[in-house]
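Both of the next two complexes hold subunit A, though its partner changes from subunit B to subunit C.
On to the complex of A and B.
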């Protein structure tokens, strides 16, 4: 939530610490601000509050006032105002702060309440942590350690429920582990707007299920797996693949569309195992689409390019750069940049094209937005091309103009940065008339036709930044090394630019000095000091452009024409 | 949904009694069960559609309450109390007698289609145990003999109908 400039602040006292928090904050969030942990399961900051897990019980009280005179009642022992404590515990998630509210989270009553709740939750929970994929990131496991009583008094038989229900194509449910927090139900209803989940039966027979004949198959179904506090909802793709504590977490950005959802890439020894959302309240909250989670599969695809080739023969980078430079120096060059390249790569593309005075084309990819986290513009970084000055107007979907120039003989060499020219509308005849220099990750008709072919890195294998639809500059980091034979895009572009007379560095830190010096909008920045939550750039110079995006989460198109 | 016109009229009326349509879920399910005898698979989406809900919302309610039946039952519903007082003075024997009379098991439809016999919890008439509720009529002090007598009555009514 973006706080208004002057929010109404309320002063509360949590475990003896005074803190001023915005009105409407609940006790869990207020306690978080003073580093007091209030455990919870069903509460989620982005979902409605139902208060059904009872884990966040706290003791609360209000300063005492004399009922008749309204004068504060003082405690003679301490000289401070007395606090009237409510004799029963209250739920922290459903209690909003009020002026003078006192909260205690360390009293015997609170401890006993938590132990009691934990004991009831564990009654029918199978203690199969050693084979549970949630182990290591399980709230129940953590809080059983932190707040449980440490041993079990339960001698009865545990419930038996279905262990592997397919709720949908990507989600598998282990009903025995479910603690009935209802986060997934609320998510489906409130965020995904696909109300298919519910609890049937009651008491200890309560079972999470889909309505018979329906499936949890919306494109955000895996968010239910993220928010499941236990190992009940599991990703069919990820379950039993890897222990989470072995995985390295790398911050990344979703390249599926111009929303630029913040993500975490989980990898081990150069292999990516899963992608999960990273909370950014200004972009994607705590969600991301299912389709974006599968993008890592292309890293290991069979069609991955792995050898530098010049005129059809295997070659090396030096020879490839020389060959490309020779082609370019002959003139009549056109550059096809990409809305999928990072800001840094687009900057280098611009320097390269400018040195050759070559026209620059971009390929737009416009689909239908889903009003949530997939926008209509499926290029993650068209705005980066605008900010870096690679392009001045929005790109077209087809390279018709380039095709006409080729037919007219004005273009003899095309340098494509990862764009498949055939898919972008050039005919095979047009392609055969030009020499193609192709930098790309996967095999396609353009890579097959290329005179000079340099394999480059996928987004998970390099670092850089994108500018999303809000003009928010967000950086992503290399999670895994690239395949053998592939060269970092920045290195190839920098060497190409240098070869045609525009010397620019390839290393991000050095490159950003050049970028900051040349592009006023990015003048104060370095790659290192760009915050992980992103930095909002000034969008006003581009307000007149008819961007393709419609409304999505945290984004409203500025111009009515784009709506 | 094959509901009687009177039921449909009642349904449309009862929806207007609540500030939000969703609140009419339980009354609607009761009306349908009274009319059809059970809540069929097609009834759930029908109610959801009527109230602007998703089927799962209605499904949750139907499965929560054991008195909503998902399967058809016999013409009459014989509910025998099995809570403490009735159990102590022969509620189980009463139930067995009904089952024998109609040659049926617990919760099944009898072969002649006349009854379904079930145990229920306390019918709040412990002083006159064992008690039996046949549809909406309470029968008190139902020992085996009275159970046979009630069964004979039901059978003779059935014979008349044929």
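On to the complex of A and C.
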């Protein structure tokens, strides 16, 4: 027998290559480690294994041992231990590695099995790739090029099934394209905990459907579209909008809550078409919420601010910065920072506020968590504000303290970084008592009342980083340019800070040098070398804070009281 | 050589005048005496008897019953379940129905003995949906047995308690597959489970160790415990012990059920001597010896090879008539004893049409879980149906074979074999008939047209 190098590692032989893999790895994943591709449809690393597509059939065998003496049986031809190959192909997804397991993926038996399955999957498939939105990212299409016959031997009539079933408000089903892999059913049951999908009828006539009286309407329903290996489950929002191969992919972060699900923004020519999850096994696995996928819609909203205004008149950035600086130099300034700003923006906000010795408030957004990928804290970056030192304690529920200060006449100017002060708890009367400098993306009562208004960028239009609930520093990138008239937040903040006497750079690379120099927790980092999967920061300095989050996927609150 | 006499063990009282399915009649005929003796013995002893008997499962695969019981995980601390597989759905098989309808207490006694031997506290009889009457009979019989203290808490005054529940299927062939049956019993679609890891002996019903046995098998257990494993082993031939119930259907003079010591009767004796041979003026053409999924045999073909008799290897040269009806001999000639359903076809049968019938059944019964069986069975059905009812092509024979070859060994359960073996064997043995079928059909069409003029 081949001895395992470590107790938790198992040595296997895949197509002649020896590799040690952790115990419990299945053969598909083990093969992936040695760059051997095992095709599959029904297998999904985050779902239970059912082994129903039969695409991952491969040959397996174990080293031969003499049944009586337990001594290895050697092959005189090669001088190596003989391998007893199992005469039938086995599924790679359902087989976990065992010491000495031998796998062959290139034999005629394996090729025939794959070609057979491929042909079977295609005979009743409509083959409507030219009008199918999955084309370009379809597993069936992809693997047909590798294992398909290239011609059809099927002269019978294809099965007829429903073509446009609305499974729910966001998902449309084409049953004829379905290959019955059951990923969506398993996802609904196991991950979304909303068991609404199932098959009716039997054999090749099996049809995916919702249970009577139920709908696929949970906030994770679009994950079924992501994991559907074919074009059966389609996003009602995205279908027929754009060919996927035209789209540019940009890594981003979900700003919906402090979970910070990793995402990919798909855009073309400055227009975002969809957002999908990006796998991060420590944060969101391969999932994201439906609500977060719709966030791109606000980018093109009618209420988008597009003109710099000073005292109600259109203006330019220089004049706006000067006007704001003049207001600030008069003293009695308060700064309302944001848990939606990036770490970099929060750092600049801190520098700006420190130069003015102005008090900093943060707007808290606490809702109910869904125990999966939306946490109770709906700000994506409250922890960033703690790490950068913008705040020291968690934000209060409302801006009552600021309101009182205004009423008492201690605050004459409020600089708000994207926060609507009315929504955050100031009354219209309080708002009318102060001069407001507002940096924001969308029109609201605060932007209407602002003396100095600078339109800034939405999250998809800028780059930066957030610190999620796990204290994981994760970066996001600009996917599309901002609207005309909007200025990058970093530029505005850096200009403001410089104008009040704290010169800081606006460019991310330069800025990170300053950040690294001033904040020990981020001391060794640059923006460029921050990994896409994020970097866990030391959370111990903040362990005593009563964070709002309860349990979600891959996150358990430190103190049970918070749960 | 004349056929041996029947050995009626399981079917001892079937169709006996005056024999009724109630408990009084069963007890009058010595019923439940074996159970009374069994509960006084050690469970391990009973398992040992079954192991010694060499009893092989009568559901189709012929897996040794003692080995199956030996595989059960008894260390897990979880309850062990026993399931009686009464989902007798294989076309051509009707033995279990006779037992259930006419001698249900024999099954209950066999079940209770097996439960006691395996320390089972809860047993289920999974009966196919198409047997509503059988289910009612079983319900009544269990109630009677419970009333007599033979089923339920503290049976026969001992500390041992065991309940039996009847569960009716909803009409699916696949529920006869043991893991499909377990899923169905759990209330889900009867999708067979992948093995590994879901071997019933370890992770069966409700993820607990589970024994699934055929109705006839459990009746044999009663006989084994009564007479001892060694005595049972002396019936039949080594490796193929006990008796076998054959359900003969099709083109013979006297179709029906016949029980013989396994391996003592040849197929020819069974069909010609026992069943009276072919219908007048006809000739036997083909026979399926173990339920419709077994590979077909063609009269006139010969099988040669070596087989083990005692300790030595002996040459054999058999025609279809010479094959002994036991698991191993039928396995040697490339088919199987299966569930004992012997389907006979004479020269009036067109093999393409016969296969179209079988394919229609299997495509209708494929559960649809895994790809090769789901798509392959329907494809084969569509081809044969088209051949019979539409346009047959000469190339269909080769296509059918190629499709069938893509199924077995690649599916989750044995249904892949069940649905492809008929096509494979029909094509292998009657390939010419398939190739000539387009011409045969066209000629028939011409004749039909001529007749209209």
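Everything that follows uses one rule, which is that the second predicted complex is superposed on the first by the 556 of 563 C-alpha atoms of A that agree within 3 Å, B and C clash if a C-alpha of one lies under 4 Å from a C-alpha of the other, contacts with A are read in each partner's own complex, and residues count from 1 in each chain.
Everything that follows uses one rule, which is that a residue touches a chain if its C-beta (ideal position, glycine included) is under 8 Å from a C-beta of that chain, and two chains touch if they have at least 3 such contacts.
Everything numeric here is computed off the predicted structure, so don't read it as measured data.
Regarding the shared-chain residue A:526, is it in contact with subunit B (first), subunit C (second), both, or neither?
Neither subunit B nor subunit C is touched by A:526.
Given the touch rule stated above, what does A:210 touch, subunit B (first), subunit C (second), both, or neither?
first
Who wins on subunit A residues touched, subunit B or subunit C?
C
Is A:53 in contact with subunit B, with subunit C, with both, or with neither (first, second, both, neither)?
A:53: touches subunit C, not subunit B.
Name the contact category of A:202: first (subunit B only), second (subunit C only), both, or neither.
In the superposition, A:202 touches subunit B and subunit C alike.
Based on the superposed arrangement, let me know which partner A:121 touches: subunit B (first), subunit C (second), both, or neither?
In the superposed model, A:121 contacts subunit C only, not subunit B.
Just which bits of subunit A does subunit B share with subunit C as contact spots?
198-199, 201-202
Would you pull the subunit C residues touching subunit A in the complex into a rising list?
Going through subunit C, the ones touching subunit A are 172, 189, 191, 194, 196-197, 363-372, 374-379, 382-383, 386, 399, 402, 406-407, 409-412.
Under the touch definition given earlier, write down the residues of subunit A that touch subunit B in their complex.
Going through subunit A, the ones touching subunit B are 195-202, 210-212, 214.
Provide the residue numbers of subunit B that touch subunit A in the complex, in ascending order.
41, 54-57, 59-60, 63-64
Taking the touch rule as given, give the residues of subunit A at its contact with subunit C in the complex, in rising order.
49-55, 57, 87-89, 91, 94-95, 112-113, 116-117, 119-121, 123-124, 153-154, 156-157, 159, 179-180, 198-199, 201-206
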